[in-house]
Amino acid sequence: MSESIGLGLLIVGIAFDVVGCIGLVRLPDIYNRLQAATKCVTLGTCMILLSVVFYTGIGPISSKAVLCIWFVLLTSPTGAHAIARAAHRSGIRLWEGSFMDKYAEDHEGTEDKV
Amino acid sequence: MSVFIALLIFCTFLCLYRVGKGPTAPDRTVAIDILGTLVVGFAAIFSIITKKDIYMNIGISWALLSFIGTLALAKYLEGRGFDE
Amino acid sequence: MHDIEKEIRESKSGMTMIVKTIVRFAMGIIILFGAYIVLYGHLTPGGGFAGGVILACGYIILTLAFGKDIALRKLSDQGASIMDNSGALAFIVIGLLGYTGGYFFLNFIDHGKRFELFSGGIIPLCNIAIALKVTASLFAIFIALAIFGKFISGLVEEEE
Amino acid sequence: MKRFLHFLILLVVWVMLTWSVHWQDLLVGFVVALLAEIMLGDIFPTGVVKVFYPRRFFWLVVYSVDFFWYVILANFDVAYRVLNIYLPIRPGIVKVRTRLKTDMARTFLANSITLTPGTLCVDFVGDHIYVHWINITSEDPEEETELIVRKFEKLLERIFE
């Protein structure tokens, strides 16, 4: 029973990973890529780690898997935020089909804008 | 299980494509960040196959090191020194 | 009492508040994980060098997130130098203590039961000595490279 | 109080790492956790203590379930946008306002925004968050705030403030 739940989680997780990486290739500019890739790969990896818990039962492997889930959930969105901010500050503009850019408007001409 | 590993290797090649092509430096940074998270998935699948807990040690330390790499690259892209 | 939280919040150096809070939250666990890799080096893969690299990475994260001032208060450059030298010295002393039984690097401590923690004799002690040395050296190299890079870019700007 | 809690968390993490209650493992864990606490206890954020009051902990559980639901939703949203041939996106950066004050609450808000449907936190300046939105549906700042921030803000206010 628990093995079939683990198999299901594994399939769903890897499907999300593949979707995230396709998004990384298809979407037009860095911010959109960051969105697709961060969301999908974080949840996909967390589901693979959760399937480890279901496959092996309670024990040393699953306790480390839980720690790893916690760490990935904490650090992955933080890294995405750091890259997005750094990219905007290093002068990467949004895709030309974009709708509005309040961040660039608010920092127009100020010292803050590198 | 080999099917899942093949799919993850496919994901890795998509990331490597973005690392090679990416028009700007932040694109490459994003791809490397995602590559780090995918390696954690690899470690988890190997620990399912072999039922050994050492692969989870690799997963945790890889997540940590990829976080450091992301922060350092982000700081470099902002154009600041590493120690300020 | 010196209020370090207020200082972190008000300082302009380092990265944004989100990164700072996450690093403050995760820092203890990173150090704990490095210590786990070092102390269980004789039972699982890992050991002095790998664990030392993780410990040094913890201090490098502190430097990246908070800036040099607060990180050097946790492990100053003199402190790193002392740690570096004492690690090397401890390794030599462990080796020389083997002469009490007749050989260099003789495993003179009781071996204990198999697969328990205290079962390696002098090997865990050697691992700890190597970890001290590697942690301090890598942190010192990082700080030195950061300062030297700024010095070089300053020279280039002057020439232009 | 804060430092004792930090020590307890580190001890629990040590037991999870070694997965053994043998006296040797526990003794070494006690010493290592104590050393780590002495070195790094003062930079541990104070806001974490509040989570362990029973009423706030209940709201944390409610928040986790809510958050997990939004994460699943976000992934199907991304899958729909990526696998569609015409790429139905309309991206841009908008500015929303938050009324949360403490560091922990703001950090959790920003990370939640990053992991939920179509939004990515770019920067935090004062009380304002700059959010990259993959499919802008309104131009009114009030309505944007209502759509992006409010759903988490109510719960986070009960947990961390």
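Labels for the chains are A, B, C and D, by order of writing; each one numbers its residues from 1.
Everything that follows uses one rule, which is that contacts are C-beta pairs under 8 Å (C-beta built on N, C-alpha and C of every residue); 3 or more make two chains touch, one makes a residue touch a chain.
In this text, all values refer to a predicted model and were calculated from it rather than measured experimentally.
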Set of chains adjacent to chain A and to chain C: B, D
Selected pair, greater C-beta contact count between B-C and A-B: A-B
Separation of mean Cα positions, chain D and chain B [Å, integer]: 22
Whole-Å gap between the CA centroids of chain A and chain B: 11
Gap in Å, rounded to a whole number, between the CA centres of chain C and chain B: 24
Chain C and chain D, separation of their C-alpha mean positions in angstrom: 29
Multi-partner residues of chain B (at least 2 other chains): 53, 57, 60, 64, 67, 71, 74-75
Multi-partner residues of chain D (each touching 2 or more other chains): 13, 17-18, 110-111, 121, 123
Two or more partner chains touched - positions in chain C: 15-16, 18-19, 22, 25, 29, 33
Interchain pairs in contact, sorted by label: A-B, A-C, A-D, B-C, C-D
Of chain B, residues touching chain C in the complex: 53-54, 57, 60-61, 64-65, 67-68, 71-72, 74-75, 81-84
Contacting residues of chain D [partner chain A, same complex]: 13, 16-19, 71-72, 74-75, 78-79, 81-83, 87, 89-95, 110-111, 114-115, 118-123, 130, 132, 134, 136, 139
Of chain A, residues touching chain C in the complex: 67, 71, 74-75, 78, 81-82, 85
Contact set on chain D toward chain C in their complex: 6, 9-10, 13-14, 17-18, 22, 24-25, 28, 32-33, 35-37, 39-46, 48, 103-104, 106-107, 110-111, 121, 123-124
Chain A-facing residues of chain C, complex: 15-16, 18-19, 22, 25-26, 29
